[in-house]
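We call the chains A, B, C, D, E and F, going by the order they appear; numbering starts again at 1 in every chain.
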């Protein structure tokens, strides 16, 4: 939105500046991407999102690559261009090959088709699924 | 829909019967789930969907479990109850633990949040993402 | 919602009563469906919706059946059960056969799949489409 | 995505080349649109999508124009720009006039409104619709 | 769409011209925005939308600013760029500060997250909510 | 999902128990709603969501009722029944009258309609909106 400009690294003060430093160190990047520079307009959202993402995306029973693939799949279903591009890049850094990306897309597309088949036909939940 | 009933295994004839047998053999199940019994109303859709799913979900660079997790993630984003339940069960059979499911949900929810942050703030695509 | 009950035909007064009569006469039905009895909570929305639907759905360059099929297709894409059921019935009254319904569903499902392929691959708009 | 470029007609080999030829012949076009050139990155998806679309969109109980209008309606509901533009052009070639397009849009918009009315008011499914 | 151009103020005739004058007077603007100039292709939709919007957005139990904030929230959830931009501007004219916008976005994003948590976990409706 | 049962108040231990107590005290309720009892399966998500919601929904430049109305509007657009019901109740407790709810629904429905008009007609962003 025209009235909400990004907060550049030079403009960053206090908590925003700290989080910018943190992002660059942990993500091993030299420049802050627009996502962070935009939501930095709202310091609380910046902090909450940064902390939440680290908690949610860290290695658990699912490895970080699988989590990133899921992130991309959701972003594709929501048609969020920025999210598709940035999380595809993140997935690539974590080991996603081009073939894996193509397979991911095929699954996402197919799931969207059968999701609609189910809703269109109003398929009843089987008793063994309840 | 009231006027499109499921095609029971007893009613199945010809190609539908063959596909039902195929599903039971390959999926190692004894009863055909409602999804297949409902789309069986349209023989072409039944055949196309069964063939496509086998092609798309087979082991590739992504293993079958990861593909199933992606399927569940899309279904959650689309709020398709039947799809969430049936593909969660499929994922479970392929090795998804309860902890993995919880982590999957956390990623899906978080991705839906940041997708909206991006759209709401109209975040511009960074040049390194183009 | 528990606090917004339907307005029964007996309870209807003034403009709501008139519109109920109008709906029954024009639609040739004996009972007012829940959709109208629910939005009747907001008299302005009831009137506006009834008038708009008549204008939008009337015979034009597209015949009423085609318009109804489009209505169903949108409702399927939005997974609105009530809308799918009620507009499928309306389409049936206007001549939709079971085979037409199955073909409609196949198109809806396929379109949802290719829509996601386009977004996932970030397909660029061809110059001849601009 | 920057790392998934389109496969030009010159680069096409084997099955991709064959399908490109097929598309040009059957669709009576001289150049392959970006949609096909992009999904050609995944030969299986290219083949499956091309075959499925021909099966789903062929003349049946619904004529090809009606199917195309449904395709456009879904794409509009999903806000898929490429899909709206390409399928509107396809519909135009099959006989859609500008007036038909405007009527189509009015129905799509109205359906999206009443879909939300239904969900917002949590309208209960009438017993005659079950 | 290439074949549906905007109707400029100079080209406007009859009812379209009248509504353009009305919009400029009531909205206190000097130029008609693209939204109106585009839907003017369909005179009925132009008239219906203009009348409906005035009815729906007028001061009621909810003040016009609150209604505008709701409009923006829906547009953000639907990722409609034009709608986000134009209704944010409208909200700003009615008193929305930058801080209010940021808080609005935080709520929209959070709601989208918990909506998915509910669907993903298939949370059952509590009896006190029925 | 059948394999993810709610965590009852009796079963709650450690951090889950503490948060349950916190919810009951701050929300002034006697029983924990299903939303919390379900996401309690994932302690981290429970804690993160509870903390985030308190931060996001607290009085700011927007008052708590307005924030709640926005929450309901998003939930209606996403067709999340549980979310619509629970946040409508929360809004009611904060002062939402039945008339306000009806007006809210009218705005949500109208916004969904014009969002689709914009996407269907591919309305170009005015230069004054950039």
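Following the convention adopted for this analysis, a residue touches a chain if its C-beta (ideal position, glycine included) is under 8 Å from a C-beta of that chain, and two chains touch if they have at least 3 such contacts.
Computed from a prediction, not measured in an experiment: that's the story for all the values here.
The chains that touch both subunit B and subunit C are A, D, E, F. Of all chains in the assembly, those touching subunit D and also subunit E are A, B, C, F. Fewest steps needed to get from subunit D to subunit F, stepping only to touching chains, is 1. Put simply, the chain farthest from subunit F by mean CA position is D. Taking each chain's centre as the mean of its C-alpha atoms, the one that lies farthest from the centre of subunit A is C. Centre-to-centre, using mean CA coordinates, subunit A is 35 Å away from subunit C. A straight line joining the Cα centres of subunit A and subunit F is 21 Å long. A straight line joining the Cα centres of subunit C and subunit F is 27 Å long. For subunit C, the set of residues that touch two or more other chains comprises 1-2, 4, 41, 44-45, 52, 77-81, 84-85, 103, 105-106, 108-110, 112-115, 117, 119, 121-122, 129-130. The touch graph of the protein chains shown is complete.
Residues of subunit C that touch subunit B in their complex: 79, 84-85, 88, 92, 98, 101-103, 105-106, 109.
Chain contact summary for the complex, subunit D toward subunit A: residues 1-4, 41-42, 44-45, 78-80.
Per the touch definition, subunit B reaches subunit E in the complex via residues 76-77, 79, 81, 84-85, 105, 108-110, 112-117, 119-122. Interface residues of subunit A facing subunit B in the complex, by the touch rule stated above, are 1, 4, 6, 31, 33-35, 38-39, 41, 45, 49, 52-53, 56-57, 60-62, 66-67, 69-71, 73-75, 77-78, 80-83, 85-87, 89, 97, 99-100, 103-104, 106-108, 110-115, 117-119, 121-126, 128-130.
Subunit E makes touch with subunit C in their complex at residues 2, 44, 48, 52, 55, 129-130.
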